[in-house]
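By written order: A, B, C and D. Residues from 1 in each chain.
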Amino acid sequence: MTPLLEVKGVSRFFGGLAALSDVTFQLYKGEILGLIGPNGAGKTTLFNVINGFYPPSKGEIFFRQQKISDMQPHRICKLGMARTFQVVKPLQRMTVLDNVIVSAYLRTGSREKAEKTAVETLHFTGLFEDRYVVSKGLPLGRRKRLEMARALATGPTMILLDESFAGLNPTELNESIGIIRKIKESGITIMIIEHHMKVIMAISDRIVVLNYGQKIADGTPEQTRNNPLVVEAYLGDAQNG
Amino acid sequence: MNGMLAIKGIDVYYDDVQVVLDVSFSVSRGEIVALIGANGAGKSTILKSISGLIRASKGEIIFDSRPVHTLEAYHLIDVGIAHVPEARRLFVEMTVEENLDMGSLKGDARKHRAKTREMVYELFPRLRERRRQLTGTLSGGEQQMVAIGRGLMSKPALIMFDEPSLGLAPILVREIFAVIKKIRSEGMTVLIVEQNVKQTLAIADRAYVLENGQIVMEGTGESLLNNEHVKKAYLGV
Amino acid sequence: MTGPQVEVLLQTLISGLLLGGLYALIGIGMTLIMGVMKIINLAHGELMMVGMYIAYGLFTFFHIDPYLSVIIAAPLLFILGVLLQKYLINPVMKVDSILPENQVILTVGIGMVLANLATIFFSSDYRSTPVDYATKAWYLSDVWKSSPIELSLSFPWTVSFLFSLVITAGLWFFLTKTDTGKSIRATAQDNDAALLMGVHVEKMRVITFGLGSALVGAAGCLFIPIYYLYPDLGGQFTLIAFVITILGGLGSTVGAIVGGIVLGVFESLTSTYIGMGWAPVGRFMIFVAALIFIPGGITSLFRRKRLGR
Amino acid sequence: MKKYLPLILMGLLAMLPLVGINTYLMHIIILVIMWSVIGMSWNLLGGYCGQVSFGHAAFFGVGAYTAGILYNKFQISAWWGLPASIVFVTGFALVIGYICLRLRGPFFALATLAMGVILRVTAENLSFLTEGDLGIMIRERTWVDKTWYYYIILLIAACTFYLVKKVIGSKLGYYFVAIREDQDAAESLGINTTLYKTIALCLSAVITGMAGAFYTNYMGYIDPKVVFALHDISIVAIMIVMVGGVATFWGPVIGSIIMVLLAEGIRSIPNLGAAHHSFFGVLLIVIIIFLPNGIMGDNPKLKKILRWGRTP
């Protein structure tokens, strides 16, 4: 089976410092891949490289058998890869509905069709009630979900979620987990950065762990949890203590 | 022990998003107190609201029995609080020495500048070698040393560290933690925010565990180190 | 190259260098403001124009030498800058609007008012200060009798250049050796970190705007012995200052000096070899080229080398 | 009712000359309409797409000179400048866009400002084409009466209004606003931001250029200082939108009514005429501080202020 996404030996330097070094992994259709690692491990940088904001300094990335590591973000999105941002970037002065319509226009030129897709997506993500709210005034939980809705409305085959759960209260958290399961059921492949260990362990099929820009583990949640390298990366070694 | 810093029921919002909910805790003179918790739990935000970079919308912050939450950020250093911020935040186009000098702009600290600087160089001999170098050209570990040194330059009573081990190799992390212990032994009080739970708890007298902007647990460093919940919170064991 | 050709080229380079030194002073004022406040001051040239009218007024009514008027004009401009920053620019930086360029447009408004007030008070006539040394010059043949080529060094140009060197050196001393200077640099580099060091950031912004205005005002006094003065001259110098900052890299004082000199020399070459009227076009060709080829400015080229390990 | 407002207004305006108004008033109305056109076009790029241009005089001037040069060098009616300017201005807009659109925010603004100045200086120096500072004079005016000029600019304005309305309601408009709100988000949602910014720039430039070509025909005389003016064209275009309302349909219309009347009003007051830039500048400052999104844009705020005035 050919992978949907293939990251091959990707490195990214900033002013001589390696934010990512030689990261390689694959992602198969229908999977949920969790990406974890301590603060500053390079997770968001990896997303930015995959999604085309930064070209990799070394290495290549293939998506649906096409090389995307030299493409601009909008082309990668058109190919079917959507993303959300850790720091939410709603189109502030637009309503929730208009935000999603913008995304839906990617696959159509007609206002009716775009609005139809947008309304469906809003129902799917439970934001329909808020459709006429200007997104600036939306509480954080809803804004995070709006990010997801926007990504979904572009009609992706794969979606990158960057900390879509951070700062949510328990109710919102459960709702969002439900939405992610639903996204998976609809056949969309998911890659997700998350700090809520409980959540990531529960929903991921496979987990990739980054530390200092390097991949230190790649396996099932069970394997990851018992991997001494991962434990050390998270809790730190206490030899000095 | 006498209470030096007391946080009383603060709420903090970022834009209109609440990141800290009714948090209270205290730090006594001479202690090392740690705040631990996952990313986004609100640890850094608490430090920023103590040092005045963000204002708490509710609650009080008392330092040396005087309220400091009403002070402008640039006055906090005058009352004796230094904040070594996350990601170091050095003045990258200045030399090591200029960065250190920036830590001692006011009052007594300014008078004793040369002496304190010597003390910092004793603590980090490597900085003396590089004192004419621009900090932007230093390695991550050296930059962290400058950041800590800069914090010490104001001769604070309380020094707050935000993720001092971030992005450092294990051997350097150990060095930084050793320095923090030494700083306390010289009479300063330390409040530290960390993700490196094990090492932090190993040096901390007391620690508070934060989840989603609330304190969910507190205890001595040792008791938390052996606590099952702490392990769970971090690895989902 | 024949003798006369060399002579023309060298003479052109000398004038370019002298002009560039003055340009650098204008550019430094703008780059300081840009670095600390992260805004572009489009009233910069108009502030220079105000400085020139002050020098003109002092000369015409009190017979004070333009070079001497620097010590009066610079403090006045400092105060003007402080007032503008405190009561107009600062409030707007806090306003939420659809177009974040509001502050830039605001400075355009300030510039319009200044230029127009100058027209009302002084009419739009061209003015100058007829100093007695205006045409004085030193010649190479005076010092070297058998020189194969003849070069001249205009007295007012040279004095202005030297003054601008002195002012730049003074500024450099202030920025690197005093705590206030360091605090200004710190504010430009990291606002929050500066706050944590106890720097009164708002005050630094006000001081910086004052300082930038004083610098460009001083540049105005240095320009008046060698340049005509009219109310609308500001816009042209705003653009020059902006081109210099783009050339040199935003917020970099060293960059502004390099940028100023590069621009001065280039303009001088354009007017010698292509035609006087084309100098502004040459200026903007450099500008466009800098935008396309070196987006971080000239200093970024050095920096890349220094930081690239 | 509201839906038909533009049509009703058009109808009323079309009948206006039948009432028989004097030449001066007609001149003012023509100016207002011409500036509305420029304002609407600036609004398309600046207000909706968020790319604040300080150099719309460049496009106005190129349009004006297209008409002028056709007449002066090729002996064709300057009216051909209207269609011809579409081609020329688009060409210029593509070049300027290539250079400036890679910059963001205030740097784009300044780069466009520089472009305006470059074109002015070029026009001053390319005398063989532009007659330099002497300018170009259209010696045979098409009509003595202003009525036909009025109908032509009214038609251009109506088309512009219709175009802006159509664009803003469509995919294009959504994309423009998305780019204004967050360029990175827009890019990651599959919007080719460079392409759409270029489209916004070209549309805006072409409309302004047509206004310029009309200006040549209407005024009968152009020179570089007038048609490439920074303060009197580029800045006024910004002010019209700022005063009237950023990213609103009627904002530019209201803004140009206010600005033209203000300019004429100030000029007609003895001893104050020379100070009209000061008034503009102060107005600009006041608007930015108190009504940052213009009269139409800050309606609720304005209402609040008025209400507050009534209840002491």
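Here are some notes:
The rule we apply is simple: contacts are C-beta pairs under 8 Å (C-beta built on N, C-alpha and C of every residue); 3 or more make two chains touch, one makes a residue touch a chain.
Given the structure is predicted, the values throughout are model-derived calculations rather than measurements.
The set of chains touching chain A and also touching chain C is given as B, D.
Among the other chains, the CA centroid farthest from that of chain D is the one of B. Among the chains present, the centre nearest to the common Cα mean is that of C. Averaging Cα coordinates per chain places chain C and chain D 32 Å apart.
Averaging Cα coordinates per chain places chain B and chain D 55 Å apart. Centroids built from CA atoms put chain D at 43 Å from chain A.
Multi-chain contact residues of chain A, defined as those touching 2 or more other chains: 93. Counting partner chains per residue, chain C shows two or more touched chains at residues 98, 307. Among all residues of chain B, none touch two or more other chains.
Those residues of chain D that touch chain A in the complex are listed here as 169-171, 174-175, 177-178, 181-182, 184-193. Looking at the complex, you find that chain B touches chain A at residues 16-17, 19, 38-40, 140, 163, 165-167, 169-170, 173-174, 177-178, 195-203, 212-213, 225, 231, 233-237. The touching residues of chain D, counted against chain C in their complex, run 46-47, 50, 52, 54, 99-100, 102-103, 105-107, 109-111, 113-115, 117-118, 121-122, 124-125, 180, 230-231, 235, 238, 242, 246-247, 274-278, 280-282, 284-285, 288-289, 292-293, 297. Of all residues in chain C, those touching chain B in their complex are 176, 179, 182-183, 185-186, 189-190, 192-201, 306-307. By the touch criterion given at the top, residues 51-53, 72-78, 82-83, 85, 89-94, 98, 101-103, 105-106, 110, 134, 136-137, 150, 154 of chain B touch chain C in their complex.
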